[in-house]
Every structure is written in C-alpha cells, then in structure tokens.
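Take a look at these structures.
Consider the two complexes below, in which chain A is the common component and chain B and chain C are the respective partners.
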Partner chain A sequence: MRPSSVVLRVVTGGYLILFFIYLLMPLVFMSLVAFNSSTVPQVSPWQGFTLKWFGVLLADNQMWGSLINSFIVAFFVVIISVPIGLSASLLLTRLQFKYRDGLYAVLVSPLLLPGIIIGISTFLFWDRAFQLSGGLFTTIMAQASFISGYSMLLIMARSQRFDRIQEDAAFDLGATHWQVFYKITLPFLSPALISAAALAFMQSFDNYNTTLFAIGFEQTLPIYIGSKLRSFISPAMNALSFIFILFTLTGAVIYETLRRRELRNNSR
Partner chain B sequence: MCLLASIIPGFLRVEDTDMHKLIPNLSKNFGIAGSLIITGSIAFWLFGMIILPQLIMIDFSFRPFLPLNKIGGPDDIYTLKNYIVLFTNEFHRAIFIKTIWSSVLVTITALIVCYPIAFYLAKVARGTRFSLILIGLVIPYWINELLRIFAWQLILADTGVLNQLLLAMNVASDPINFRAGNGAVLLGMVYAYILFMVFPLYNAMESLDRNQIDAAHDLGASRFQIHKRIVIPHCKPGIAVGCIMTFMLAAGSIAAPQLLGSPSSFWFSQIIYTNFECANWNQGAAYAMVLTVLCLAFIFAMLKIFKVNLKEIAK
Partner chain C sequence: MNQYPGQDIEIIDVGMMYEGSAKPAIKGINVHIKAGEFFSFLGPSGCGKTTILRLVSGFLDPTDGKILIGGKDMRGIGPNKRPTAMIFQNLALFPLMTVAENIGFGLEMRGASLAERRKKAGELLELVDLPGVENKKVNDLSGGQRQRVAIARGLAVEPSVLLLDEPLSALDLKLRQHMRTELRQINKRTGVTFIYITHDQGEALTMSDRIGVMASDGTIEQIATADHLYNNPRTAFVADFVGKNNKIKATVKTIKNGHAVVETSFGLIKGLNPQQLSSGQQAFAFVRPEVISVAGSSENSKNIITCRVKNISFEGAFVTITLDAGGEDTLFMRTHNDGSALFPAIDSEIDVSFGQHNTRLLAGRGYGHA
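On to the complex of A and B.
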C-alpha cells in the first residue's frame, strides 16, 4: 500500500468517526439525562438513577391529548395525500400536454418553500373563505398540501417503470378501466403506495413548522413538545426523547433484519 | 427530499396531447369516472391547497391592519405599508439581512461537512459498513426536529455538558454563554438539516460510473482533479437540490431559534410568528411573502449557478 493511501484511509476514518460523534453524541447525552434524578435537565452532577421522569411524562394528560391529535391528523393526511399523489402521478406520467411542466412545478412548489409559509397561507385561506379558524382541520389541509407532493414523487418514481403493454392486453381482452386499474395498475404500484403512506404518516407526525401556524389553540405532539421546551424544561422531555430513540432503534433493527432475510432468500 | 434529486426525467411512454385533445385522451386512458376522480383531486390540491391560499395570503399582505369592525370599510384599501415597514424598521431590516447571510452560512457549512460523507457512502462504503452508516445517518432524523435541537440545548446551556467539561479541564473559569450570539442557532441548524444535504448529494453521486473515476485515476489525475473535473460536475443537480433544501429550511426555521436562540439572535421567522401572536395577520402575511420571494430567488440563483434547469432538479 502506498503511504498516500494509508494517510487517506486514516483521514477518511477519522472524519467518519468525528462526523458520527457529532451526529449521535447529542442523543446519548439526551438519553442519559432522562435517567438522572436532578430536576434540571443536565448530565452532571449525577444525582442518582431514576425512572420517575417516565412516570411524570406518562401522567401528563396534555401529552396524551396531543398524541391523540397527532394520530388523528396523521391519519387524515395519509387518507388525503396518498390518493391525490396517485392521481397526479398517473396524470403526469401518462399524458403530455402543453402546461404539464408548469403544473408539475406548481405541484412540487410546496416542497421547496418553508413550512411556515404553507401553514400561514392555509390558515388565512380557511379563515377568510370559510370563517374556519385554525384547528385540526386546517392543520390537516396545510400538511396535506406539501405531503401530497412527496406521495406524488414516490409514486411517479415507480409508475415510470410500469410496462403498459399489460394494460393494453387487458383492454384488448375486454377489461373495463376499473378492472385494469384494480387488477393491474394498483398491484404494481402498491409498494410505492405503502411507502408513500408510511412517509406521509411520519412527515405529518413530525411536523412542527407548518402546524404551528395552522393549528390555532389545539396541540399536536410536536406543538406540545415545543411549548414545553420553550417554557419550563423538565427531564420528562428527555424521557420522551428516549422513547422516540427506542422506537427508532427498534424500527432500524427490524428493517435491517428483514432486509438481510430478503437478501438471503434471494441469493438462494 | 432526496426524492427530488433521485427521480430521473424521461418517461416510459408519454402521449403528446394538444390541449383540446386532453379530455378525450384522459377518458381513453382512465375512463370517464377515473378521469373525473383524477382531475377532481388534482384540481382540489392545485387550487384549494396551493394557489388560492397563496393568493389570499398576498391579498392579506396588501391590506392594512384594521380593527375587526373596520374590515371591509372605506379604510380597507390596498397599500404597500406592510412591505415598507421592512425598510423603515431598522430592527426588522437587520434581522432580515442577518437571516439571509446566516442561512447561506448554514448551507455552505452543511455542503462542506456532507460532501465527503456522501461521496464515501456512494462510492467507497460497501456491505455492512454501508448499512451501518445509513442507519447512523437516519436515526437522528426519525427523532423529532425539536428534540434534536433540544439535545444541543443540553450541551450548550450554562450548566450543560460542554461548560462542565471546560470547567473540569480548567479551560474556562466561568461558564461560557454559548447561546449569546448566533453561533448556537447556526450549529443547531447545521445539525438538524444535515440529512437534507447528504441525500441529494448521495443520490447524484451514486449514478456516477465508478469506471470514470478509475479511468481518471489511471490517467494520472490527482484526487482533487477527480473531484473538480468529474464528481462535482456530475452531481451538480444534487448540490443544487441540497443547497436549496438546506437554505429553505434554515431561512424558514422556527424551532432552532426558538429553542437555541437568545433575544440577541432573533430570526426572521420569529418576527412573522410574533406578528401572528399579536393578531397582525396583514404584517405577518407581508413578511411571509418576503420570505417566499427570498426562497424563490435563492432557487433561481442556484439553478443559474449550477446551470441546471427546473425540470432536472424537481424530478
């Protein structure tokens, strides 16, 4: 091995290690604090191991209320944005028309603008046009306006690989539009639809910027977290973070196991 | 967001349609009921969720802030007042300018930090190491943005980890107030938005043929030349998307300045938020418009600098 490539390996390895310390260290500290009995969220001085912050968190009715709201909002965002994304991707992948690129640009524009602008415009629109003030409904509308864009892009990526000869064959054999859609198009797109639904759910569940302006006096989980972190900070928030991290790690492990099993099965 | 860079232009079989043939062609493709559902849902999305809300916001921004009983009355006329405030109010103007350069700084920092990681992930890492890095990158992003930023609050606070460490090592004699300037906010933003830079870069680099790099290497190109002549030109769309996303997230960020900021590090989005808290929706709408125009200007600047077109980028 040439000396220069040894140097390169050391530099690359060092950079990777530093990068991941930067990325993951904050989460380690955050988790540690969840178990420190000090009432101020800090790692040191360590005042003894405790699980009481989890108890405090779980006893907080406001947290449960906001969690339920988050599920409601995410559910409706999925229900709205996946069909809209599907419709738009079918239209845009199959028909070429004069304003197609323009339409495309407008439909993806909410993804390229700050979330707070989507929240503000949706809030003002429903207030002005229908005298509906901010709440869960406006939040659903605001979130769906950009999450539909994600769904569209995800579904388009798959529908571009669709071989339409199958559909032509079915039409020739006398199938109706509905039958073709239900028996051929939908099964082909279903993996993309499932990932679109999962992504939409996660995007909605996590959303803070757009929701903050659209939600009025209601609370979703991120809004609850935001109000807690801005006022009196309690280690209960660290307990919540730890639960998030735990869920994430479990998800990652499950995903990786499934992926490896699939790889093994395919190689057989 | 990585999708934006990953979806390649060019469709399998697109039918060229004149506008007047659009409707017959729609029903040929999807049937009558199908066409109605498709056009209906797209129309609802396009008008009900994107265009009309935007127009209403523009309308609000050009109207004066009036008490409820005067709205619609003789005083309710279009005015530029809400926009002029940005120039006359020195505090707002200073924060606006600071938000711009700070967001540019966040974007450049994120690009520099992420470029090596994206390259390593796309062209060097294999097998287990590849999936480990991917998981390591994704895990922080499955955790709420607010909590991610909160983690830095714990590190940078007066009694935080960093100060404890510095005090223990006798580097500092008193806790340092890291949150005084903009530093903490910028650090938190780079941390919070790194993935939005890594994945567009990664997607663009992944499609680069490894043989091109090897060929350049065999012909005696240095590593610097390989990146300058081959990798960077190839991943221009990825760089543009990553920069657009990071800048947009930073300029419109509200969580990071709310949680990590001090009164001296006010952010433009916080002024907008304050406007809405004071029920001055008109002023808020005008500043939201300013932010929109800023982000659009940045998008077009990026497209120009990297010489990519919108079609290439948004797909």
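On to the complex of A and C.
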C-alpha cells in the first residue's frame, strides 16, 4: 500500500471516529442519566444503577395522555398530508396549466416559513374565523399545512420517473380510469407513499415549534417534555428519551434491512 | 386457429388538427383496411403515422371525418371500449407484474378469474413461441422476449385490430428480421387485422399485405402492395422514398401514348408518363439502379447514355457502380455479381442503357427544380 493512501485512511478513519463521538456522546450521556439513582439528572457522581426512573415514567399519567395525543395528531396528519401530497404531485407532474408554478409555490411555502408563524397563524385563523380555540384539531391543521409540502416533494420525485405510457397501455387494454390509477399508478408510487407516510409521522411526532402555538391547553409529548424541563427536571425524562432512542434505532435498522433487501431483489 | 376474427377499418376523410397547432397533423386520409389484413403506414418521422394509430385506438378523436371499425362509427368511444389493442413503441409492459400478470391484465379488467387468466397466458405464450416464462418478471426478459410478451398481452383481450407502433425499432438487426417473419405469421394465424406504422421501408415491404406511404405533410401518397409500390410508384415522393432510385431532373418535351420524351442534363430520354404530364412541365425521371446495365448492341427501345465510371463498390452479391453522366446528375447502377469479376475500370467510359418502360417520369409536391 502506498504511504499516501495509508495517510488518507488514517485521516478519514480518525475523522469518522471524531464525527460519531460528537454525534453520539450526548445521547450516551443522556441515556446513562436514566440509570443513575441520583434525583438530579447527572452522570457523575454515579450513585448506583437503578431502573426506578422508568417506574416513575410509567406512573406519570400526564405523560401517557400526551403520548396518546401525539399519536392521534400524527395519525391524522398522515391521513391528511399524504393524499394532499399525492394529488398535488400528480397534478404538477401531469398538467401544464397556467397556475402550475403558483400552486407549487403555495404548497412549498409553508416549508420555508418559521414553524412558530404557522402555529400562531393557524391558531388565530381558527379562533377568529370559527371561534374554534386551540387544541388537537388546530395542531393537526397547522402541522398538515407544511407536512403536505414534504409529502408532495417526496412523491413527486418518484412520479417524475413514472412512464405514463403504462397508463395508456392499461387504458387501451380495457381498464377504467379508476382501475388504471389503482392497478398501475398507485403500485408504482407505493414506495414513495410509504416513505411520505413515515416522514409525515416523524415530522408530526417530534414537532415542537408549530405545535406549541397551535395546541392551546392540550399537550403532545414534545410539549409535555418541554414544559417538564422548564418546571421540574427529572431523570424520568431521560428514561423516556432512552426508550425513544431504542425505538428509533430499531426502526432505522429494520428500514435499512428492508431497503437493502428490496435493492437486491430489484437488481436481480 | 381463427379465434379472433379481424374486422374492417374504414378511415374516411380523416383529418386531425391539434389544439394550438397551425397546420393539421394529418389530412384527407382515406383507407379501407380489410379484416385480417396486415396494413402498414410508412412515412418519414413526423408525418402523422402515430396520430393515425392514436385515432384508431381511441386516444384521439379526429377533427375531420370518421373512423369505422367493423362498420361501427368509433367517435366518442374510448380506448378501453374499442376492439383494438396497441403495441407501444417502448412496449409499456408493467414492470411490477410477472409475465402472466401482464398478459392477463386485460382479462382481469374484464373480470376473468385467475385460472382463466393463467390458462390464456399459457396459450398465448405458446402462440408467440415463448412458453414457460409465466412467472418471470418482465425486466428479466430479453428485448425480443419482451416484444413477444407485449404482443401476447395485446392479443389476450381478443382484439379485432392490433395496432403496432414501430415495436421493432429497439431490437438489434438480426432479431428485428426474425420478428418480421414472426409478426406476419401471428397475423395470418390469428386473423386479427394488423395496422403497423414504421419509417423503415424494409419492415413495411417485407411484412405488409398493403402499404400506405405518407408524406411529411400528413397526406397519403399511395396505397398499394409492396411490389406494386416498388415497381409502379405513383408520385415522385414514393419513387424517391421507397427503395433506392436514380432521380434525374427532367423537363417534358413531347408526349405520346402514355410515354414522354424529356430533356435532361445528359440529353433526351424516353420513359413512362403515368401522371400524364404535359410538355413544358418540370419533373424527375426515376430509374432503379438495378435496371441499368452496360449497353449491348441493337438496343433500340432503350435509353442509352455514355458515362464515366467514378466509383465501384463491391457488396458481395451485388456491385454498385457510380457513374458520372456529364451533367449535374450522378447515376447509380447495381448489377449482380455473376462471379466473372468483369467490372469496368474506374475512369473508363462506358455506355449504359435502361428500358423506357423502366423509366418513370414523375412530379409532385416538394419536387420542383431547385
């Protein structure tokens, strides 16, 4: 091996190690706190291993309530954003109409707005126009308004690669317009739809900025954690975070495994 | 095995003007295609061939005239309700489905059971000579195999008319030639009417019962069988477009009994006057390279020209000789290689002759003297 390539390997290897330390160390420390029996969140001094913070967490009814709210909000955000993203991307990739650029701008602009502004304006809109005060409904509306944009961008990337002559072929073979959509277009787009749904769920689930201003007196999990950290700091929150890290890692590993399997199948 | 009776297609005074376009894509198209016929539309790209196919399949409705299939006016009937099936240029197979699912798609849309669909797929794969690939994905097939699957998928819905949009253009030469024979056989075996569009005259001439030659302006120049088209082109465009032809600028001098004498850059020649051009008219004299030969003695009824040999190109079975006739025109002459290898030397002067009945005087749009 030439000396220059050895140097290159050492430098890139060293960089990667530093990078991952920088990325993961906070998570490691934060997780360790969940197992320290000290009542203040800290790693040192280490006062002995404990699982009691998990017990405290599980007994916390507010936590459970906000977790359920988070799921409700995320579920409806997915239900609303993915169909809007799908129809917008179909419209934008197929039709050349006068207001095409305008429609695109309308759908993408919420992504560029600060989340706080979306939250406040959604809250005010429903409050002033319909006397509907902030709650889960306004949160869903506020989140869906920008998450629809993400869904559209994801689905559009795939629908641009779609060979639309396939639709003509299906139509020519006797399919109705609905059958063409259901049997040809939708199956092709389904990977993008699944990604869009997953992304929408994640975006909704850990959204803080927009939700904080739209939700009124209700709370989702991020809002609950936020309020907890401001008032009373407890290692129970670290236990909660540890559980989330576990779920996220497991999800990522499963996703990556499935993706690789699919890649292998397709390249056959 | 005449299980799919073909139907007549009547294209009557059909014209198509796309929205926002200044001139029509096609105009004044009149063709009566007979049941079971293999009919080709041959023309340069952009002549409106694909428009005709989309009109017959129902993706478009004509702005002028009408299209009858089996005597029934098709206006307003969508592609999914017409007795036609289209083979698309890129085939448009469904990549997420297996071969059997592709072939069974049309039947599935009609509510056929899985067993029926599988049975039909098996039969059709036999027909297109590709048995046993039912469970493969279409992306695992070769180009020629995909071609056959596309044809089987089209035939599965038992169409009266199969519409083929240059489906062979993506294949390599050898496979293309093989598929020509194959398509022709499938047409005769099934009795389905085939409408084929192509810019490749080799394809059109070898496969078709009749050919409609189209010009760039979207009109039909001539409809005839392959040999008739080649031997009796009716317009200058057809003579020029179909097969290789010598094209000699000519002005009509005298006319007599379907013949005419024309003035060319290398003197007067005599030929057939099928368009009944009158004296003084500008035209072109068309002579096929293979009817020109080195002149013998006593050839009174032939045109004889003295030329200088410019180039000899040996092609194995044939030899193409490029001749300089002194004027601005170059003549090509094509002779059989009879094995004697007695070719004229380059730069030598020879007399060549061609029959008056093999010389056709033709004019037409786009064929003025520049």
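Here, the second predicted complex is superposed on the first by the 241 of 268 C-alpha atoms of A that agree within 3 Å, B and C clash if a C-alpha of one lies under 4 Å from a C-alpha of the other, contacts with A are read in each partner's own complex, and residues count from 1 in each chain.
In this text, a contact is a pair of C-beta atoms (placed from the backbone, for glycine too) under 8 Å apart; a residue touches a chain by one contact, two chains touch by 3 or more.
Since we're looking at a predicted model, the values are computed, not measured.
> Looking at the combined model built on chain A, do chain B and chain C fit side by side or clash?
fit
> In the overlaid three-chain picture, which partner chain does A:215 touch, first (chain B) or second (chain C), both, or neither?
Neither chain B nor chain C is touched by A:215.
> Could you tell me if A:196 is touching chain B, chain C, both of them or neither one (first, second, both, neither)?
A:196: touches no partner chain.
> Answer with first, second, both or neither: which of chain B and chain C does A:120 touch in the superposed model?
first
> Between chain B (first) and chain C (second), which does A:57 come into contact with in this model arrangement: first, second, both, or neither?
neither
> Report for A:147: first if it touches chain B alone, second if chain C alone, otherwise both or neither.
neither
> Once the two structures are overlaid on A, work out the angle chain B-chain A-chain C from the Cα centres, in steps of 10 degrees.
Apex at chain A; the opening toward chain B and chain C is 90 degrees.
> Should A:173 be classified as contacting the first partner (chain B), the second (chain C), both, or neither?
After superposing on A, A:173 lies in contact with chain C but is clear of chain B.
> Looking only at contacts as defined up top, I'd like to know whether chain B or chain C touches more of chain A.
The partner making contact with more of chain A's residues is B.
> For A:187, select first, second, both or neither according to whether it touches chain B, chain C, the two together, or no partner.
Touch partner of A:187: chain C, not chain B.
> Chain B to chain C: minimum CA distance in the overlay, Å?
9
> Residue overlap on chain A between the chain B contact set and the chain C contact set?
Touching chain B in the first complex and chain C in the second, residues 163, 176 of chain A appear in both lists.
> Can you list the residues on chain B that touch chain A in the complex?
Of all residues in chain B, those touching chain A are 1, 3-4, 6-7, 10-19, 22, 25-26, 29-31, 33-34, 37-39, 41-42, 44-46, 48-54, 56-57, 59-60, 113, 116-117, 120, 124, 131, 133, 135-140, 142-148, 150-155, 157, 159-161, 164, 191, 194, 223, 244-245, 248-249, 251-255, 258-259, 269, 272-273, 276, 281, 284-285, 288, 291-292, 295-296, 299, 310-311, 314.
> For chain C, which residues count as touching chain A in their complex?
Its residues touching chain A are 57-59, 78-81, 84-86, 88, 90, 92-94, 96, 105-106, 109-110, 140, 153-154, 156-157.
> In the complex of these two chains, what residues of chain A are touching chain C?
Going through chain A, the ones touching chain C are 163, 165-166, 168-176, 179, 183-184, 187-188, 268.
> Mind pulling up the chain A residues that touch chain B in the complex?
Against chain B, the touching part of chain A is residues 8, 12, 15-16, 19-20, 22-24, 26-27, 29-30, 33, 40-44, 83-84, 87-88, 90-91, 93-99, 101, 103-118, 120-122, 124-125, 128-129, 141, 144-145, 148, 150, 153-154, 156-157, 160-164, 176-178, 181, 202, 206, 208-209, 212-213, 221-222, 225-226, 229-230, 233, 237-238, 240-241, 244-245, 247-249, 251-252, 256, 259.
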